[in-house]
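Everything below concerns the one structure shown next.
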Amino acid sequence: MSCSFGSKFKITVFGQSHSDCIGVVIDGVPAGIRLDMDAISAFMRRRAPGTGAHTTARKETDTPQILSGVVEGVTCGAPLCAIIQNENRRSGDYDALKNLPRPGHADFTAFEKYDGYADTRGGGNFSGRMTAPLCFAGAVAKQILADQGITIGAHIARLAKIDDAPFDPVGIDAQTLRQITEKDFPVFCDDEKAPMLAAIAAAKADGDSVGGVIECAAVGVPVGWGEPIFDSAESVIAHLAFGIPAVKGIEFGSGFAGADLRGSENNDAFALKDGVITTKTNRHGGILGGITSGQPLIFRTAIKPTPSIAKPQTTVHLQTLQEETITVGGRHDPCIVPRAVPCMEAVMAIALMNLK
Amino acid sequence: MSCSFGSKFKITVFGQSHSDCIGVVIDGVPAGIRLDMDAISAFMRRRAPGTGAHTTARKETDTPQILSGVVEGVTCGAPLCAIIQNENRRSGDYDALKNLPRPGHADFTAFEKYDGYADTRGGGNFSGRMTAPLCFAGAVAKQILADQGITIGAHIARLAKIDDAPFDPVGIDAQTLRQITEKDFPVFCDDEKAPMLAAIAAAKADGDSVGGVIECAAVGVPVGWGEPIFDSAESVIAHLAFGIPAVKGIEFGSGFAGADLRGSENNDAFALKDGVITTKTNRHGGILGGITSGQPLIFRTAIKPTPSIAKPQTTVHLQTLQEETITVGGRHDPCIVPRAVPCMEAVMAIALMNLK
Amino acid sequence: MSCSFGSKFKITVFGQSHSDCIGVVIDGVPAGIRLDMDAISAFMRRRAPGTGAHTTARKETDTPQILSGVVEGVTCGAPLCAIIQNENRRSGDYDALKNLPRPGHADFTAFEKYDGYADTRGGGNFSGRMTAPLCFAGAVAKQILADQGITIGAHIARLAKIDDAPFDPVGIDAQTLRQITEKDFPVFCDDEKAPMLAAIAAAKADGDSVGGVIECAAVGVPVGWGEPIFDSAESVIAHLAFGIPAVKGIEFGSGFAGADLRGSENNDAFALKDGVITTKTNRHGGILGGITSGQPLIFRTAIKPTPSIAKPQTTVHLQTLQEETITVGGRHDPCIVPRAVPCMEAVMAIALMNLK
Amino acid sequence: MSCSFGSKFKITVFGQSHSDCIGVVIDGVPAGIRLDMDAISAFMRRRAPGTGAHTTARKETDTPQILSGVVEGVTCGAPLCAIIQNENRRSGDYDALKNLPRPGHADFTAFEKYDGYADTRGGGNFSGRMTAPLCFAGAVAKQILADQGITIGAHIARLAKIDDAPFDPVGIDAQTLRQITEKDFPVFCDDEKAPMLAAIAAAKADGDSVGGVIECAAVGVPVGWGEPIFDSAESVIAHLAFGIPAVKGIEFGSGFAGADLRGSENNDAFALKDGVITTKTNRHGGILGGITSGQPLIFRTAIKPTPSIAKPQTTVHLQTLQEETITVGGRHDPCIVPRAVPCMEAVMAIALMNLK
């Protein structure tokens, strides 16, 4: 396990899907900040299960309880610890699967790594549920960054092969980002919402699931954050992003599409705007040489289709070594993408707190 | 700057494109290893400039000189330091550019971050030249891993929109990987070599450049490497990969394409093979839950087109704040992709040494 | 704040003297260990307040509650989080002192460092109470080390200028260490117990306090632990030891006394014993060149007299900048040394888990 | 090996006593600093061998050669690498000792840890010679700190049981510290110089050695440096100090003597001086709760007598396992204390750069 991330705003998460609770310790929160608990709760609700027809039936209120680091609502400089109760556990759902690793999950690798002692109930600490404490930390980070003029937002860029309009890499602004984060289904082209939801419903009806791509942006980031050579903005963001279960790819700016361009098409010419140097275009995604350029910081992540599906799948019994067919019960999202949107904002916020 | 990477096999690089030399300190090399200097040199030559018509005219022999950590050819447990002389410097090429940041380069962000004191000659320590010491460390790592039955290889998966055949995610083996690394232009489909070289030549004739995608694989990696939650195999590899200039995206296994699949299409069923549990397919890229699964470990990186191009580009003078037009002289690769291939193998090797 | 320590057995503590609870996250506990909760509780009781006439009147049961990392009593490889409730808070005791920094305490420096927002109730997170989660982690570490044949124990070497007999640096063995840790007042010379307790009582009667020296040993540590140059056994142990409030000095083996010897007196000649190489004497404290030698590992720490005393002291009001006289109320130990004994064992155990 | 220290001003040392050269990479040097190479050389000369009758006959000019990180004498933000040639190697001196571990040295533990492959010539990378690159880094740190009004100095507090006058814990000032560092034999009481030198000469005549205590101070350190709980000022300084061979103890402020005092004697009352809060006395050594208090920061380290002595000693042959008698030849200091004085200043300077 490596449950800690960061050096300046260091988070340590703990808990499993079916332990008493899950939580996070944050070291590096400045003293004197009055935490906006309403905003934190609103942010966490965006990730919480059970808030839409397209999500798992597991209901969790996901109310964070602060154990330390705050005195009368204001941070005191000591490590901030918050926990979230695991209220709605039905471990029995998983008993039948104890020795039958689910395809696409960590069950098999965790079994091998932890000598058979891994907590497999609900995915243990590999569960997507572990993103709840991450989102708590992300909400705190977002509040601190907002006080510095930095706004973060993300949207569903693609789902079941249906594209939303991308961010305008140069024109994206704080207001647009705030608006997109207020939507219950965060896409720019509202016309795409219905087909996306239909694709999720169709997959669910088939006992199947779909994946997608999330695009995340931060505006207001000053020039000069990021530490080359090995702690570039890309390195730090990517490191944390791959801590989110289901992320299997990340790209910055023009990314993989940029690899198909010529240099003259991909380079961003410099220009003077309002007296400061900037670029005319933003194919570099706000990062040059690993250092923030002042342009909007933009990344996209590939989210694999939820591996928990009701369709029959082949696996191997861990004890008998016999091949068996399983159907994964429990309560699962046919598409994790919408709930992963705030997770990507949390990734951006926590990474930025460690880059500055 | 953050010039160190890793905890178990920790590398610290130093130097700039035009400093006296560049080098690396490696901490964590086991004692008692007789370094195969011929293999190390052969590996570094694959990255070295001036070995093909498609590369920069800057010639460097790139012979590593070991300063410490080795006694009579055998490692002694002390930190291994190797330096490479910067023989062929023509800093004068860069004087004219001192105040004119090149589009797509770190010149502007470095100027801001280091208060105008950054070494801009040849890209300073943002130069691709810094991958030479990285490749030295990678060659050492590859040798150690090879003794444990792990083989690493990479190829040009795509260049100027021309695709090579991808790795067979399940069938790729050590012999195939060794063969591809012995090619002077590493593609599987030799028929694609000529069009790729033609595309590079065409870009060069236009004073332009092209990018591409590199695919890298490791076979023989045991089950169980990688530390979830935050030091997953993906996190550690991605962190290091983005330390290579020009990398703007990374994906594992089915990656972005997998995000378009349904769960039933993307999941890899488990199967018994030769008495051990494995998967029938390998869309997970050898990593499940951040932990290696025993299947070939596969990633692809997006390499942006070389930003140094001879075509006129617009920039802003750092002192006068006037927009100016520049053409970037010096000696540059119209395509960095072929030389970046061993760099990706170095990334894989160094990352694996830190995961195990 | 830096609330984390270690790389292999990494602890992250949180909480303040008067927060809802205090706790610790441990990353790196091997999977498959059945935690001996009785032994853990017994160890923590040795540190707990209110167990003797010589300690504070603040009563805390200090029962650890495990939140994560354990399934049916057995560790699962996930981070182990345990919390301890702060049951017996009387924050009112501290209201009068809010702006009057207590001499010898962190009140003033914390006020400055945290811009006036530090939690000063009961010392906040500078409180000796934070050693409770440390002792929980230490108890877990001791259990794991015991399974490997390593035994740790400590005693009061000196208190109010009264000396106990020191460890026999070569002859100290596991049984002796276990016996000393079972004493309610851990000294070898039981004749010294009465005068030591009398000195504490006398100081208390005077509204004053006394300090002392604790000696800690580990036997069964194999040859070869510790990473020179900068993570020597001494460095790692000392780093953690100074995390305990009141520790102001540490020495290994002959330590400061050894600095008065000649080389011929301080060197330990090598000898063969039971077929293995060892030393005839052990003035090196079990560490040579930062690496464990196989001899008992021995350190001593200087514990300053409890700074909380009832005698009138001069301080400066943080807001008015007027000098004032205070007497520190609350419930305090006239001597912290006995309760610090298990803390030193925890330091040794946690440090060793990170050295191996 | 762990050859790196620090996070903000991170040093990585490499080399062995008899490798081609030794060196250091410093990451975190601000850009734009014109290095005062004369001051750096002067500082390193204080540590260099062969500058007095009381030191080893091994002559080294110890001139640092800067490989990277500096452009035309000014730092550029890139990692600063400096090497020092090992000019005067007589490895033959050590051939006879290859299998005969010297008492008090790391030979035996290194042999075991590195499976017989450790470089034992001259102590390999356990050699006191490795403090040369540390002193280079310390000199750079001292220059940066001096620009911020911080002055560091150290003196021989005790040698062969002869005491120098201690620092005045409150009154010590920058001028006094600068003066003591300019002495070729840094003691306050010049009357003690002759007896100390006589004690060294007497030990040398006997084929023996002596040890001592060094006291180091820093003035001008602002209130608020150091990160409790686990990266307190004491923890960080002690961690680095124990990286110096021969250090076996460290204490801050009143240290071990303070453990004999009562609280009323050891506490430092607060007072107002020139409008700012400070303490009337400084038994806390400038650190309260792990955080700097603004008072002079003071520590003392115990330096063991040089283990290399000409007197016959018993050891065990590593291959034959036979006890043998050796006399250690080579060129050794009968007392390392004077040359360790600048090393302690380097420890203070590098630690402070990482605390601020």
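Per-chain numbering from 1; labels A, B, C and D assigned in written order.
Here, contacts are C-beta pairs under 8 Å (C-beta built on N, C-alpha and C of every residue); 3 or more make two chains touch, one makes a residue touch a chain.
Not measured: the values here are computed from a predicted model.
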Most distant chain from subunit D, judged by the mean position of its C-alpha atoms: A
Mean-CA-position distance for subunit C and subunit A (Å): 39
Separation of mean Cα positions, subunit C and subunit B [Å, integer]: 47
Between subunit A and subunit B, centroid-to-centroid distance (C-alpha), Å: 27
Multi-chain contact sites of subunit B, meaning residues that touch two or more partners: 1-4, 13, 110, 113, 125
Graph class of chain-chain contacts, one of line, ring, star, complete, other: ring
For the subunit A and subunit B complex, residues of the former touching the latter: 1-5, 13, 101, 103-106, 108-110, 112-113, 125-126, 130, 158, 160-161, 203, 206, 208-213, 223-224, 227-232, 234-236, 238-243, 245, 247-256, 258-272, 275, 277, 279-280, 284-285, 288-293, 302-309, 311, 313-316, 318, 321, 323
Subunit A-touching residues of subunit C, taken from the complex the two chains share: 1-4, 10, 12-16, 19-23, 25, 27-28, 31-32, 67-69, 71, 74-81, 83, 110, 113-119, 121, 124-125
